[in-house]
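Here the structure is laid out as C-alpha cells; the discussion comes afterwards.
Chain lettering (A, B, C and D) follows the sequence in which the chains are written, and residue indices restart at 1 in each chain.
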Amino acid sequence: MNSPEAFADEVVEGILAAYPESLRSAGAANRALVRADAPTPGKVGIVTGGGSGHLPVFLGYVGSGLATAVAIGNVFSAQSSDAALAAIEAADAGAGVLCLYGNYTGDRLNFDLACDLAQANGIRTTSVRVADDVASAPADRASERRGVAGLFFAYKCVGAAAERGDDLDKVTAVARRVVESVRSMGVGLAPSILPTSGKPTFSLGENEMEIGIGIHGEPGQRRGELLSADEVADQLLDAVLPELEVSAESRIAVLVNGLGATPPEELYVVYRRLHQRLEKMDVTVHRAYVGEYATSLEMAGLSVSVLRLDEELKQLLDAPAHSPFFSQRDLR
Amino acid sequence: MNSPEAFADEVVEGILAAYPESLRSAGAANRALVRADAPTPGKVGIVTGGGSGHLPVFLGYVGSGLATAVAIGNVFSAQSSDAALAAIEAADAGAGVLCLYGNYTGDRLNFDLACDLAQANGIRTTSVRVADDVASAPADRASERRGVAGLFFAYKCVGAAAERGDDLDKVTAVARRVVESVRSMGVGLAPSILPTSGKPTFSLGENEMEIGIGIHGEPGQRRGELLSADEVADQLLDAVLPELEVSAESRIAVLVNGLGATPPEELYVVYRRLHQRLEKMDVTVHRAYVGEYATSLEMAGLSVSVLRLDEELKQLLDAPAHSPFFSQRDLR
Amino acid sequence: MTAFRVWIGEAMDRFAAAEEELTALDAAAGDGDLGYTISAGARGIKSALADLPDDVSPADALKTIGMAFARGNPSSFAALGAAGLLAASRALDQVMSPTHADVVRGFEAASETIATRGGAELGDRTVLDALVPSIEALRTAEGETTAQWLAAMIVAAREGARRTSEMTPRRGRAAWVGTVDGNKPDGGAIAYVRLLEALEATQQPPQ
Amino acid sequence: MTAFRVWIGEAMDRFAAAEEELTALDAAAGDGDLGYTISAGARGIKSALADLPDDVSPADALKTIGMAFARGNPSSFAALGAAGLLAASRALDQVMSPTHADVVRGFEAASETIATRGGAELGDRTVLDALVPSIEALRTAEGETTAQWLAAMIVAAREGARRTSEMTPRRGRAAWVGTVDGNKPDGGAIAYVRLLEALEATQQPPQ
C-alpha cells in the first residue's frame, strides 16, 4: 500500500493499466468502469458495483458473458450514486440496464438514487440484489440477507443471458431465478485489516473460528472452536442445502470460495469432502468452482455456495465468459 | 486442514473430484496427474512437478497449451522419482518428453533419476529447469538460482510450442529461451506455516519485510523495514530488469504474483507503479498478468517477473491455454 | 433566491460544524462516517447553491441540493437524504412560492421516501424517529411564521432523537455492529436535529 | 545370494536405527528429513531384496536396491544414493563374482555420479567428503578380505565425516538455511559412515 486514502483509486489505476484491451474508464474519476467493447447495440447492459476490497468482486466480473459496467466504492463502502449513474449510462445500449449487486443498504440506496436519475434521462432500469448468505438472516427474512460469493453465479448466468440477446425483462427474470437458486455460507479464521484505520475488522482467539462470517467481517451465527476441514465442509453444506430442496435427482454447481488469505490447497480439501457428501446423496455436481471469487482483503476463511440448476441455468453457466479475472471456455 | 499427513493427498483428491473433465490420475497413488485428453499422438509431452503448497504451481498448469502431466511431492518437498516416472510415461505420445520444472536440487535429482529409468524404457527425455529468482544467486552463478513465478511464463510459452506441434528439440529450445529471458524477485511480509510442524518458515518483525524471498520462505538478499507499494515495485523492477537488457525498444510481459495472503488489490497498486516506470522508459508491456500464479501457503508477499519477448515468444504467450487454474483466450 | 442562498449557506456552515459530534455518535454504533457525510454534504450543498440562477424554482433548488448532498459521501444517510430531497422536489413541482401546506407535502414526500427506501419503521433507531414527529409538529403549527414552524419542529425532533437512546438499531451498519456503546442517541436522528437548529440559528429576519 | 540377503537385511536394520541421530544432524543444518530417508530407504531395500530370485546378478541387485532406496523418501540424499547405486549397477554389468577391482569400479561410478548430479565438490560439506576418502582407502586395501576393506573404508570415512564439522554447507537445503547449529558434522557424511559400520557389524564370517 502507498497511502490508505489513495488505495482504492490506485487499485483501479493499476487495473486499467494492466488490461487496456478489456476495460476502460466510464468517468466519475475512474470510479465507473465499462467493458472496452461496450456498448453493443441492442444488448441489455448489466451494471454492478459496491465497495473495494473484494476482488475479483465486483469489477473483476466485467467482461464478455458477464457484467457490462461497474461502479466502485472505497474499501468496504458503497459506490457513489454518481459512479453508479456513470456506469448505467456507459452500459446502456438502448435495451435498458439491469443493476445486479449485493444486498447491502448503502449499495442499494445509491443504486436506487442512480436509477431515479437514469430513468429521468430515459434509460430503463431494473434492479436485482443477490442475497445468498444464509447466515445473515433467517429464511423468513431472506430479503435482508447480504450478498456474498453467490454473486459469481449471478454474473455468470445473467451475463450469458444478456450476451445471447435476451431483453431486459428476460435478463431480469434470469437474475431473479439465480437469486432464488443460490445459497452460501462462510467461516472466518482471521480478520481483514482496514487500510484507513489499520485495525482488524474483528478478533478471534488462537483456536476459534467465526461461523457465518460476511465479506466485511460481519459476525455470523456463532463463534466456535477451530474445526477440521471436513467438519467445516459438513457444517457449511448442511447450512446451504436445505432451502434449495436439493434431492437425489438435483443437479447443482458448487463454489468453494477463499476469502483471501486461506491457501487454495485448503479449499480443495474442503471440496473433496463436499464432493463425497454430495455423491452419497446422489446429487450431481454439474460444475465445481474453487478459488478466490469474492475476497475480503487479508481475511482468512472460506465460503461454500451452491447453485441449483435447471436446464436453462445449466446452459447459461456453461456459456463462455472472459474478463481479466475470470475466463471460461464454451462448455456447452 | 484435516490431518497434516493426509494434506497433500487430500488436496489432490479434491482437485481430481472438481475437474474430472480436465485431469486424471496417472498412478503413483495419485501423485502423478495427466491431462484428461492425453496423450495426443505425435505431440511432445511436457512434464512438470515439485512440492505441494504452491498452487496453481505445479499441477494447475496442466492443461491444453500448457504442461501435459505433473508429479506431486509433499508440502515443500520434491516429487518422488516414481511419480516423475509415472508422469513421464503418461505424457509420452511417442514424440518424447520435456521435463520442465523449478531449479531445486531435490526436484532435479528425482527427475534425473526418473529420466534415467524412462530412457531405459525407450522414452526420449530432455530437461530444462527454470531459474528465474535473481535474489537466490548472483548472475555469474545463475545456474544455482531457484525457480519461482517465472515458471508460469515457461509453461505458457513452452506449452504453446508443444501444442502447435514442435518436435522435442524445438520445444526444448523454446524452454531454454524462456529461461534466458525471464527474471523474478519477491518480497515476503509474513511466513507460511508448515502443515506438518505447524511452525512458520521464518519470522519477521512488525514493520519488516524480507527482500528476495523464495517460495518456501528461503531468505533473500536482506531484511529491511516495510516499504510502500511504490518502493517495493521500484526495488523489484530494478532488480529484474538489468540482466534482461531491456531498453526503449523492448517488448516485455510482466507478472505481479501474490504469494498467497496478500490481497489482489495490493498487487494492482504495485503493477500501477511498474507500468508508470516502464512507460517512462518507453518499454512496451505487451501483456500484464496480475494474481496468484505461484504461492506459498499462507505466506504474504509478492514477486515481480519480467519476460523479455521476441516475436516467437510473443506469439506463444498469446496462444490460447486452458486449465482449471489458468485460462486464456487466443489473443493472437 | 439571494436571501435563501445566504440563509442556507450559513446554515450549512453551522451544520457542517456538527461533524465531530456525529462522527462520535456513529462510531459508537456504526462505522463513524456520518460526521463526514454531513460536513462534505453541507459543503457540497453550499457550493451547488452558489452556482444556481437567481430565479431557480424551489423544486429545482431541492433537486440540486439533493444531488449535491449525495455527492458528499456515498453513505446510507447521504443517499437516503438525497432521495428524500428529490422526492420533496417532485412534490413541489411547479410551486414557486411554497405555502405551509406545500412545505408539509414536501416533508411528507421526503419522509415517505426515506421510510420506503430504507425499509425502517418508527422505533428502529433511525433518523425517522426524529423526522416523523417533527413533521407532525409542523403540520399542527399551521398558520404561524417559518421561525415558529422551525421552533416547533425542533422541540419534537429533539424529543424524538432523545428517545432513540433506548432503541436497538435494526437498520444500517449499526445493526450488525451490534451493541451500542453507552446510552447514546442515534447519530442520524441527531444530525437531523442539528440541521433544524442550524436553519433556525441562521434564519434571516423576514424581509 | 541367500547369505548376501541375510547380511544386507541385518545391515539395513542396523542402518535404520541411525534414524534419530541423522534426524538431529540434518535438523541442525537442513530440514531434518535425513533420518526418515535412511530408515524408510533401509526398510525398502530389505523388503525389495526379499523378493529377488536367488540367482540375481550383482548388477540387478544393485539396481533393485537403488530403486528401493529412492522410493523410501523423495529427498536429495535418497535420489543421489539411488543414482549412485544405479551407476554402480551399470559398472558391474555382466559381472557375476565381483573382484576387488570390480568393487572399486562400482564405488567410483557411484561417487562420480553423485558428484556430477549433486554438483558438489570435496569440501562442500556433503556425503562426498566421507565417500571419496573411503574409496581411496578401498583402492589401497587391495588383496585383503572384505572385512579388512570395510575396516579401512570406515577409518577413512570417519575421518572425512569428522572434518565436515569445520565446513560450510554449499549444497542442499543446508546451504540456504544458513548457519549450522553447533559444531556438528554433515548428516549425509555420517549416514554413509553408519552404513559402512552396519555392514561391518553384520558381516558373516566367510563361508
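Miscellaneous remarks
Following the convention adopted for this analysis, contacts are C-beta pairs under 8 Å (C-beta built on N, C-alpha and C of every residue); 3 or more make two chains touch, one makes a residue touch a chain.
Bear in mind that the values here come from a model prediction, so they are computed numbers and not experimental data.
Of all chains, the one whose mean C-alpha position sits at the greatest distance from that of chain A is D. Between the Cα centres of chain C and chain D there is a gap of 85 Å.
Centre-to-centre, using mean CA coordinates, chain B is 58 Å away from chain C.
Centre-to-centre separation between chain A and chain C, using Cα means, comes to 34 Å. Shared interface positions of chain B, i.e. residues touching 2 or more other chains, are not present. Along chain C, no residue makes contact with two or more other chains. Chain contacts here run in a simple line, from one end chain through to the other with no loop closing. All chain pairs that count as touching, in label order, are A-B, A-C, B-D. Residue ranges on chain D touching chain B, taken from their complex, read 33, 67, 70-71, 74-76, 79-80, 82-83, 86, 117-119, 171-173, 176, 178. Listing the residues of chain B that touch chain D in their complex gives 73-74, 77-83, 105-106, 109-110, 112-113, 116-117, 136, 214, 218-219. In the complex of the two chains, the chain B residues touching chain A come out as 1-2, 7, 10-15, 17-19, 52-53, 55-56, 228-230, 260-272, 275-276, 288, 290-292, 295, 297-298, 300, 322, 325, 327-329.
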